[in-house]
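Shared chain: chain A. Partners: chain B in the first complex, chain C in the second.
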Partner chain A sequence: MKILICIKQVPDMESKFKINGEGTWYDQADLAWRMNEYDEYAVEQAVRLKEQVKDADLTVLCIGPDQVTEPIKKALAMGCDRGVHIADPDSSKREPIAIAAMIAGFAKEKNFDIIFTGMQSQDRGSAQVGVMVAEFLGISAVTTIVDFAYDNGAIQVKRELEGGSKALVTGTTPVVLTCQLGLNTPRYPTLPNIMKAKKKELLVLAPDTGGMGARQETAACYFPEKKGGGLVLEGEIPELADKLIQLLKEKTSVLA
Partner chain B sequence: MEFTREIYWNVGHRLATLGPMYALLLMAMVLFAIGLFKRIKVYRLGRPLDRTDQRGERIKHMLETVFLQTKVIRVPGPGAVHALFFWSFFVLFLGTALIVLQSDGTDLLFGIKFLKGTFYKLFSLALDLAGLMAILMLVSLAARRYLIRPKGLVTAGNDAFMHGLLLAILFTGFLIEGTRMAVTEMHSPQLAAWSPVGWGVATLLAGIGEAGLRNLHTGLWWFHLLLALGFIASLPYTKFRHILFTSANAFFADRGPIGKLTMVNLEDETQEKFGANELGDLRWKDIFDADACTLCKRCQDRCPAYATDKPLSPMQVVNQIGEIAFTKPESNLIETIGREALWSCTTCRACQDICPASIEHVGKIIEMRRNLVLMEGEFPGEEVMAAMEQVEINGNPLGMGYASRGDWCEPLGIKPLSEDPEVDVLYFVGCYASFDKRNIAVAASFVKLCQAAGIKVGILGKEEKCCGEPIRKMGNEYLYQTLAMETVEIIKGYGVKKIVTTCPHCFNTLTKDYRDFEFDIEVVPHALFLEQLVASGKLSVKAEEFVCTYHDSCYLGRHNGMYDAPRKLIRSMGGRIAEMARHRDQSFCCGAGGGRILAEEKLGERINIKRIQMAVGTGVGQLLANCPFCLTMFEDGVKGANVEEQLRPRDIAEVLAERITSEHA
Partner chain C sequence: MYFELTEEQKLIRDMVRSFAETEVAPSAAERDETEHFDRALMFDRLGELGLTGIVFPEEYGGAGADYISYAIAVEELSRVCGSTGVTLSAHLSLCANPIYIFGTEAQKQKFLTPLAKGEKIGAFGLTEPSAGSDAGGTKTTATRDGNDWILNGSKIFITNGGEAEIYVVLARSDKSAQKHKGISAFIVEKGTPGFSFGKKEKKMGIRSSPTMELVFENCRIPGENLLGKEGEGFKVAMKTLDGGRIGIAAQALGIAQGAFEAALAYTKEREQFNAPIASFQGVSFQLADMATQIEAARLLIYKAAYRASAGLPYSLDSALAKLFASETAMKVTTQAVQLHGGYGYTREFPVERMMRDAKITEIYEGTSEVQRVVIGAALTK
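Coming up: the complex of A and B.
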């Protein structure tokens, strides 16, 4: 069984964000970097699947500048077998379809049974790459999975939908699955695995978007305007209810 | 008349006596040796560890510990009784040795007898009184064990055997003396008076008549001999072994630095296992410790986890290891002891500090935690794993962006060394004082105090990372070593001469653990640094009277023995300290040590609330601390205990900063 896990390195969301000089994206100085949270669920699920079926080969792929070897190493320490680094210093400027094209370019003819990735990245948050990869490869995709079961080529997943409802989806491999919070708790790599990871294969490839040129342009990037903060009401419950009704009447139109 | 007595009276100093006597002694010694070697074989199941360096110091420490009973008498009641019993029994042992020396040594070979005259009288009196004292103390100890039954004291068949045998030896000793004196000394009161107890026994027995007394004496003599030899033979097989092994453990004791953990060699690529989950992963001393343990339960009595109904007893951990070693060496240590017990330890060192048997509890627990973290990726909870990941990403367990680490002191005009490396001291701020609002107030107070004293302070700012202390105590040696190496390199790169900390955990780590990375820059904790500034007059403060209670943090107190400097500082600023019952070396942990600051406390009562209640019990309104972890736990504890109005936790530096009289020019 062959599994591909696509991961992205993103800034830690607690970092001090600044807009870059061109005003098109965030400035990269003073940021702490980590593996995209949703991609961690993808790595964990792939490793669990390998533990279940025993015979599986896990390839972890990441696109970006040299520093992205860090999350690749972490994925290898968590249990992936080999790493692929598409060395692309401009990855943050590329639109989702270009990223998907690069992944699909690598994955085609390699017959991956399952491709796991995060349902979106924490920084750009387009949520498009996974489904586009599936489209390029001509295989099906199931997004935002929060539960996963595999049995001899058949998969059963739970999807998280809007409004708290869930969908139970069954299908067969090959398939792209995008992972959502709640799917699993990613493991902490053990020391012997961290050491083994250092010796695992890491393939470095040049970026190839397969002729997929720029289709969009970022006009501007800015922080949301600061609006008035929330209001905390204090006091006894009956009193609070009265205050709330009054506020809703005066300041909003919900009771009109 | 010559004051003496006939040695081997009645039984006779002849082959018929000496032959069987020495044959029995030999048998006892053989049994003793077999028992001893069997145990040594088990100790050797552990990994090697050199505890024979600094021999002179080790021997001195052992002699003090054993003969002055220095550790035993730290707990006054039962400790004093044990010490008196030990000294009495030792006098009896010496007396017996002198008799052997004269009769089968100096007298036999050179015809020299020294047990005579005034020396004999004193010898006789000393032995008599020692015997009496030994009986009284032994009865007291038995009363404590069997009648008073202190909570947590484990009593087994072993104990009854030991009490019974010792009492029998002492009683038969007096009966032998009594039967002999009833025959030989009833008409020489000026001699008999030097054996008052023996004389008393003799008076009771005098009616039996000489022939009966002589028969009785012979029987008792051989019985007493068998009991005494039985004592020797049973040493390795019963808790009597503590006489040997607890004494020897004082020799093998950890000679510090106090609380410094052993390094794991992460460079060694052949190593595939880390930490301990099997007996063979521990060191021989860890197994030996179990034999040195007397089950005195002093550790358990002081353990904050045990006191709050958590499944940890340091005594039990030590003895579970012993049980595995001697009865089921294949067992899994962690499964036997239990994860929850291992994670409950706050590494407060109360157990190790009080232990009269030089047992090292904390290191064992950390070794097992290392196994859980490094081999299994296990933590006490997801929140701890998240904190570890945050340290990896942002260099602090709070998950705050690393680049804002130095933001707190911008308004104070303090710059990072990367901008201005010419400073008097480097303030190693620590994670809590860098990011946590409550502790930033402490850091700001400390900086203001330094500025008032004309001391130029610098920080590492965003180059500073967690020192690794909670990480290491939680068992994550790999992440600790990564952090330590980075920090050592950065600090050394600036040529820093002196470092001050406001966190005792940082202090202990930088001064002790970082030695493994050739880091030897002077580090001073703020309580001591400020005390010296005030004492030298560099910092002038106006003493304003106030009352408070003071909490000795585990890492300034038991780990570094700094009890007086903070108290002196408090007094110098006008404070009167209403001490809690548990203070100085008996201080009760806040609950945050051992990396527990990163973990939720899910089991039993909350340790910080218990400590807060002790502070409230003093009736004063302020609780002074010297540690950001303690302060955090106390701020939380006053809320949890609902005493926010009654008790205000503060750091010493905050109170001192309010009393600055003059800004330095």
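Coming up: the complex of A and C.
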């Protein structure tokens, strides 16, 4: 069984973000970086599947500048077998379809049974790459999965829908699955596995978007305007409680 | 000269930090309060993650990483819990390491492998009521009886005491020899007849790390448990403490780092006179001093750890690192309490525990005074 896991390196979300000089993205200097959280669920699920079926080969792929070998190494330490680094210092400027084209360009004719990736990245958040990879490869895609089971070429997954409901989806491989929070708890890479990771194969490829030129560009990137000081309710306590319940129902998902 | 961690070292740091914050930190205050050693968390989990044998070769169940990785692991654990940090340091530096350096192949197979795999905890018995800084004053005796040795005496202030299964113990094997020359090192297993535990110490800090007295009453151990050569125990002890100092320095660094981060967060949030107190120069200068000392300590530790990994002499470097890091820990944690004001003096905030935990780093595995003796002797010899 052949499995591909597509991951992205993103800034630690607790970092202090600044807008870059062009005003189109965040400034990448002086940030702490980590593996996109949703991609960690993808890596973990792939490793668990390998533990289940035994005979599986896990390739982890990441696009970006040299520093993205760090999350690749982490994925290898978590249990992936080989790494692919598409060395592209301009990856943060590319639109989702170009990223998807690069991944599909690598994956085509390699007959991956399952491609796991995060449901979106924590920085760009387009949630488009996974489904476009499936489209390029002509295979099916199931998004935002929170539960996964595999048996002899058949998959059964749960998808998270709006409002807390879930959908049960069955299908067969090959398939692209995008992973959502709640799917699993990623393991810590153990120390011996961290040490072994540096001996695993890491293939470095040049970026090739297959001629997929720019169709969209980010015009501006900016912080939201600071909002005022919230909403103050007035009145007697029973009345206040009713108003609060109504607001929570209408404006938030706290109460259904 | 490079000042960047390797990818492996960064991965190890991230892994241990994530584990420490998620699993170790939540119970640190309660374990301190109740003096509870949670073996499943504070040792067994470290074994599962491969931390209990970080620096030893894979053939003995280790991970084959370097001493900088080890220092990073102890620092990250100590950043949230000084007790968990010293559990690892005493186990690895003071018990597994002398067996790795001085042990026979059979001793390594039998004792080092389960230690490195995290199946057994290690401890080190050097200190006695009348032999602390002066290790040559050891009074515990080892008397030959056929092929065996009979141990008599007691050891005090033993970290991991009672919980550990394997102990490296120093005893006087030749009463006629000069002070340092008549001492030998032995490996003693928990459960050996004649080996028992005395009182558990009630301590100021690192309260969830057990500290106990070891008692030997006609404790018979087989001749093959002699560690190193007969009469070379003092050398074993000194070499062991060289490595131990890196561990304790890293523990001190972690405690200081934890207290500094708490103080930084608190002073940015705490408002007095309509401004966060961190915006006052008197406070920000203190934060600047704390950060500077912590970074200096870290570099001293990494240098000592680098030399240990490279097979270079590092006695002086580990003494410099231990002295500076432990005194930094005491200064930084005291300042962190001060910057928290009245809240810092309560157990609602972690800096109170960190200040108590920091003090021991100036005392054990060679007091600050002994470090100055080591450094002074190296400078003036």
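Please note the rule applied: the second predicted complex is superposed on the first by the 229 of 256 C-alpha atoms of A that agree within 3 Å, B and C clash if a C-alpha of one lies under 4 Å from a C-alpha of the other, contacts with A are read in each partner's own complex, and residues count from 1 in each chain.
Everything that follows uses one rule, which is that a contact is a pair of C-beta atoms (placed from the backbone, for glycine too) under 8 Å apart; a residue touches a chain by one contact, two chains touch by 3 or more.
Bear in mind the structure is a predicted one, so any value in this text is a computation, not a measurement.
Asker: Sticking to the clash and touch definitions up top, decide whether chain B and chain C on chain A clash or fit.
Answerer: Superposition check on chain A flags a clash between chain B and chain C.
Asker: After superposition on the shared chain, which partner residues are touched by A:Lys200: those of chain B (first), chain C (second), both, or neither?
Answerer: neither
Asker: Give one of first, second, both or neither to describe whether A:Lys243 is in contact with chain B, with chain C, with both, or with none.
Answerer: neither
Asker: After lining up the shared chain so the two structures overlap, which partner does A:Asp30 touch, if you call chain B first and chain C second: first, second, both or neither?
Answerer: A:Asp30: touches chain B, not chain C.
Asker: Applying the document's definition of touch, where does A:Arg48 land relative to chain B and chain C: first, second, both, or neither?
Answerer: It touches nothing on chain B or chain C.
Asker: First (chain B), second (chain C), both or neither: which does A:Lys73 touch?
Answerer: So A:Lys73 only meets chain C here.
Asker: Identify the partner contact of A:Arg82: answer first if only chain B is touched, second if only chain C is, both if each is, neither if none is.
Answerer: neither
Asker: Give one of first, second, both or neither to describe whether A:Lys2 is in contact with chain B, with chain C, with both, or with none.
Answerer: A:Lys2 contacts neither chain B nor chain C.
Asker: Under the stated touch criterion, which partner chain does A:Glu14 make contact with: chain B (first), chain C (second), both, or neither?
Answerer: Only chain B is touched by A:Glu14; chain C is not.
Asker: Looking at the overlay, which bit of chain B runs into chain C, 217-225, 289-297, 541-549 or 613-621?
Answerer: 289-297
Asker: Give me the intersection of chain A's contacts with chain B and its contacts with chain C, in residue numbers.
Answerer: Correct list for chain A: 34, 188-192, 194-195.
Asker: Residues of chain B touching chain A in their complex?
Answerer: Per the stated touch rule, the residues are 266, 269, 272-274, 373-379, 382, 385, 388-389, 393-395, 399-404, 462, 478.
Asker: In the complex of these two chains, what residues of chain C are touching chain A?
Answerer: The contact residues of chain C facing chain A are 7-8, 10-12, 14-15, 18-19, 48-51, 54, 58, 62-65, 69, 73.
Asker: State the interface residues of chain A toward chain C in the complex, per the touch definition above.
Answerer: 34, 69-70, 73-74, 77, 188-195, 197-198
Asker: Where on chain A does chain B make contact in their complex?
Answerer: Going by the criterion above, the answer is residues 12, 14-16, 30-34, 185, 187-192, 194-195.
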